[in-house]
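Note that chain A is present in both complexes that follow, paired respectively with chain B and with chain C.
Coming up: the complex of A and B.
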C-alpha cells in the first residue's frame, strides 16, 4: 500500500482529518478537532499505524497555536504518519493518548513541562527534568534564554 | 505484580519503616549515566519506582533553535555518547529530504560504514556493561579493548574518537584516507576472532544464563504498545528493522538478513545483541567490497553560513544499536531550525516501561534490567 492509497483510506474512514501524502512514504494528517484526537489515534492504530515513534509539540507564536505532533509508523505497510493537532496557545488542552500507547504518558509529562500543555486524563504531569522551575515553560518561543541566564545566574549580557 | 513478602517483613508489617526509599543512581555502580530511579522497597523487593531524571539535561532541543543548520552538527552527536553517528545521519537525512538533496553514491556507502562501526562500538559497550551488571567485569574490560580498535579507526577517519561530526547535509566531511579499508578489514578479522572468546566468557556461560533468564520478559504486542524498538523488539521474535523497512544511506544496495531471537527476556536480548554485532561486521565487509570507485563524496550545498532549508517538516529515522533513533525537524525557511525534536530509543523503556516492570523485581535485578533494555540516559535528558 502506498501513502496515496493510505491517505484515501483515512480520508474515507475519518473525514474530520485532512490527510496529505508527501515525500516517499509519509502522510501528513491534520486533525480537524483536537478534542477527538484520542479517537483519531485509535482509528489510525486500527488501520495499521501500530507504533508511536515520537510525541512532540511545535510552538507557532505568530499564529498563537501549539501543534501537538504525533509521529506514527506502520510496521505492516512501512508508512509514516505525522498527525498534527493545532490547539489554542492561551488555553492549551488536549486529551491524552495514554489509552492507545502507554508510553505517551512520559512524552506528555515532558511536553507539559516544556510547553505547558495540559493533557486531560494523564494522571502524572509532575515535573520531570526541571527542578523548582518558576519561569514560563522553557521551550516556548517567547522564553528568552539570555534574560533567564542573566536573572538566574548573574550572567553578563553579550555586547552587540 | 504483588510484592513478595518475606517472613521477617510479615512480622514488621505494622512498622512504618517497612517500606524504605532507596536512590538507585545517579551515584550507583549499576547505573550508567546521570540518571536515577527512586525505589520504594520492602526487604529486597521493589514496590514502587519513581524516575529521577534531569540531572543531565542540557537543553539541546532549545539550543538547536538558536544555532545555524551546520552549527548544530557539533551538538547532535553529544545526545548519545556511546552511539553518536545515528544522530548525525538522522539529522542530515531529514535536512536532505526537505531540501531535496541527493547525496553521492560513495557518500551513502561511507555513511553506512560509519553507522555500522558506531553500532559495533555501542554494542560492545552494551554487552560489556551487561556483564559488568552481573559482576562479570572481565567482559567489560575485554570488550572495551575491542571497542578501542574501532575507535582508532574512527580517529583516523574523522579526527575524533567519540564525537565524529563526520556526516554533514550533502554527504560526508572528507573522503576515506588511503589504505583505510585494508586496515579496517584487519580490525574486523580481529573482532571476529575475539567473538569466540566472548561466547565462552558471556554468551555460553551457564552462570550468565541462570542470571539473565526471565528478567524483564515482554511480549511482542506489549513491546509495540510501549514503543520498544530495535534489538529489544527483535528479541521478542518480531522482525522489524529500519534499515530494511525505511531504507536510508546505502542500505537499499546491501544484502543482509536481520536476525531475531525468541524469548523476550534479558537473555534473549543479550543473545540478540551478539547476533547484531556479527551482522554489523558482515555489513561493513560488504560495504568495503562494494564501495564505489568515484571520488565524489559530498554534494554541493553552497556556503554553510548561508545554508537555508525550505519551509517544511519531516521525521527521519535511523536504526541505531538501541533501535529507532528519530529526528523530527521543522523549518520555517530560516537560517536556523524552527524546532528539532529528538526521539531517543531509551525513553519508552526508561521512563514508561519501568513503572510496569520494576515493581516486584529484586533490587539486584534492576541494573540488569536497565542494561538489557540498553537504557541510555543521555537520550532521555536531551
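Coming up: the complex of A and C.
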C-alpha cells in the first residue's frame, strides 16, 4: 500500500482529519478537532500505524498556535504518518494519548515542561529535566534564552 | 632521626615537602558532564599514558585529589558537582576542561548551562579548547603539578575563606525563588 492509497483510506474512515500524501512513504494528517485526537490516534492504530516513534510540539508564534505532532510508523506497510493537532497558544490543552500508547506519558511530561501544554488525563506532569524552573517554559518562541543566560549566569557576548 | 609533629605539618613548615609528594601522586575524579569525556580514554591508555606522570583515575570522590569537569555544566549537573567537590578530602584541586567551564563555550546563551564554573567552585587551572587534545590535557595537568609543587594551587583554601560568596552564587542558581525574566507558567 502506498501513501496515496493510505491517505484515501484515512479520508474515508476519518473525514474530520485532512490527510495529505507527502514524499515517498510519508503522510501528513492534520487533525481537525484536537479534542478528538485520542480517537483519531486509535483509528490510525487500527488501520496499521502500530508504533508511535515520537511526540513533539511546534510553536507557531505569529499564528498563536501550538502544533502537537505525533510521528507514527506502520511496520506493516512501511509508512510514516505525521499527525498534527493545532491548539490555542493561550490555553494549550489537549487530551492525552496514553490510552492508545502508554509510552506517550514521558513525552507528554517533557512537552508540558518545555512548552507548557496541558495533557488532560496524564497523571504525572511533574518537572522532568529542568531544575527549579520558575520562568515561562523555555522552548516557547517568546522565551529569550540569551537574555535569560545574561541575567541568570552572567553570560557575556563576544565583541565582533 | 627527624621527628615531624602534627603541629609542624599544620603550621606549614613541611608544606614544601608535602607538596612535592602530593604533586607526584594524584588521583583524578573525572566528572564527565559533556563531550570532553571522549578525550580521556586516549589520555589514560597506552597512547598518551598519563599514569607515567603519576596521575590515575579514581572511582569515588572520597579518595580523589583532582576533580576534572569535562565539558558544559548544566544546572542539574552543577548541584552534583558541588556535592562531589565537597565530599573530596583536602587538599583537592579542580581542573576546568574545555571552553565550556571557562565562559560557556558554544552553549553560552543556553538557558540550561551555567557560564562560569569558577563562580561556584574554585577552579585551579583551565584547559582551553573545544575539545583539548590529549597533549593539551597532559600539558594542563603538568601545569597543575607545577603549581602544586610551588604551592600556588590553593583553590580549596579559597573555598574555605570565601565560602559564603561561593555558597551565595550556588544558591542564586539552585534555589531560585523568583523568575529571572518575569512572567510565570
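Please note the rule applied: the second predicted complex is superposed on the first by the 156 of 160 C-alpha atoms of A that agree within 3 Å, B and C clash if a C-alpha of one lies under 4 Å from a C-alpha of the other, contacts with A are read in each partner's own complex, and residues count from 1 in each chain.
Keep in mind that, in the parts below, a residue touches a chain if its C-beta (ideal position, glycine included) is under 8 Å from a C-beta of that chain, and two chains touch if they have at least 3 such contacts.
Bear in mind that the values here come from a model prediction, so they are computed numbers and not experimental data.
Engineer: Looking at the combined model built on chain A, do chain B and chain C fit side by side or clash?
Structural biologist: Once both complexes are aligned on chain A, chain B and chain C fit side by side.
Engineer: Return, as a multiple of 10 degrees, the angle whose vertex is the Cα centre of chain A and whose sides reach the Cα centres of chain B and chain C.
Structural biologist: If I round to tens, I get 50 degrees.
Engineer: Quick one: is A:132 in contact with chain B, with chain C, with both, or with neither? Answer first, second, both or neither.
Structural biologist: Second partner only.
Engineer: Should A:36 be classified as contacting the first partner (chain B), the second (chain C), both, or neither?
Structural biologist: A:36 sits against neither chain B nor chain C.
Engineer: Contacts for A:145 in the overlay, against chain B (first) and chain C (second): which applies, first, second, both or neither?
Structural biologist: both
Engineer: See if chain A has more residues touched by chain B or by chain C, and give me that chain.
Structural biologist: B
Engineer: Between chain B and chain C, whom does A:156 touch in the aligned arrangement: first, second, both, or neither?
Structural biologist: In the superposed model, A:156 contacts chain C only, not chain B.
Engineer: Name the contact category of A:116: first (chain B only), second (chain C only), both, or neither.
Structural biologist: second
Engineer: Just the number, please: smallest Cα separation between chain B and chain C in the overlaid arrangement, in Å.
Structural biologist: So the smallest C-alpha to C-alpha spacing between these two chains is 5 Å.
Engineer: Touching chain B in one complex and chain C in the other: list those residues of chain A.
Structural biologist: Chain A residues touching both partners: 129-131, 138, 145.
Engineer: Show which residues of chain A lie in contact with chain B when the two form their complex.
Structural biologist: Its residues touching chain B are 23, 25-26, 50-54, 56, 58-59, 69, 71, 73, 75, 78, 80, 82, 101-103, 105-107, 109, 114, 128-131, 138-139, 145.
Engineer: Which of the residues in chain B come into contact with chain A in the complex?
Structural biologist: Of all residues in chain B, those touching chain A are 51, 53-54, 57, 59, 61-62, 66, 97, 224-227, 229, 240, 245-246, 313-315, 317, 324, 326, 328, 330, 338-339, 341, 343, 347-348, 351-353, 356, 381.
Engineer: Considering the complex alone, what residue numbers of chain C touch chain A?
Structural biologist: Touching chain A from chain C are residues 75-76, 79, 103-104, 108-116, 119, 173-185.
Engineer: Inside the complex, what are the residues of chain A that reach chain C?
Structural biologist: Those in contact with chain C are residues 116, 129-132, 134-138, 143-157.
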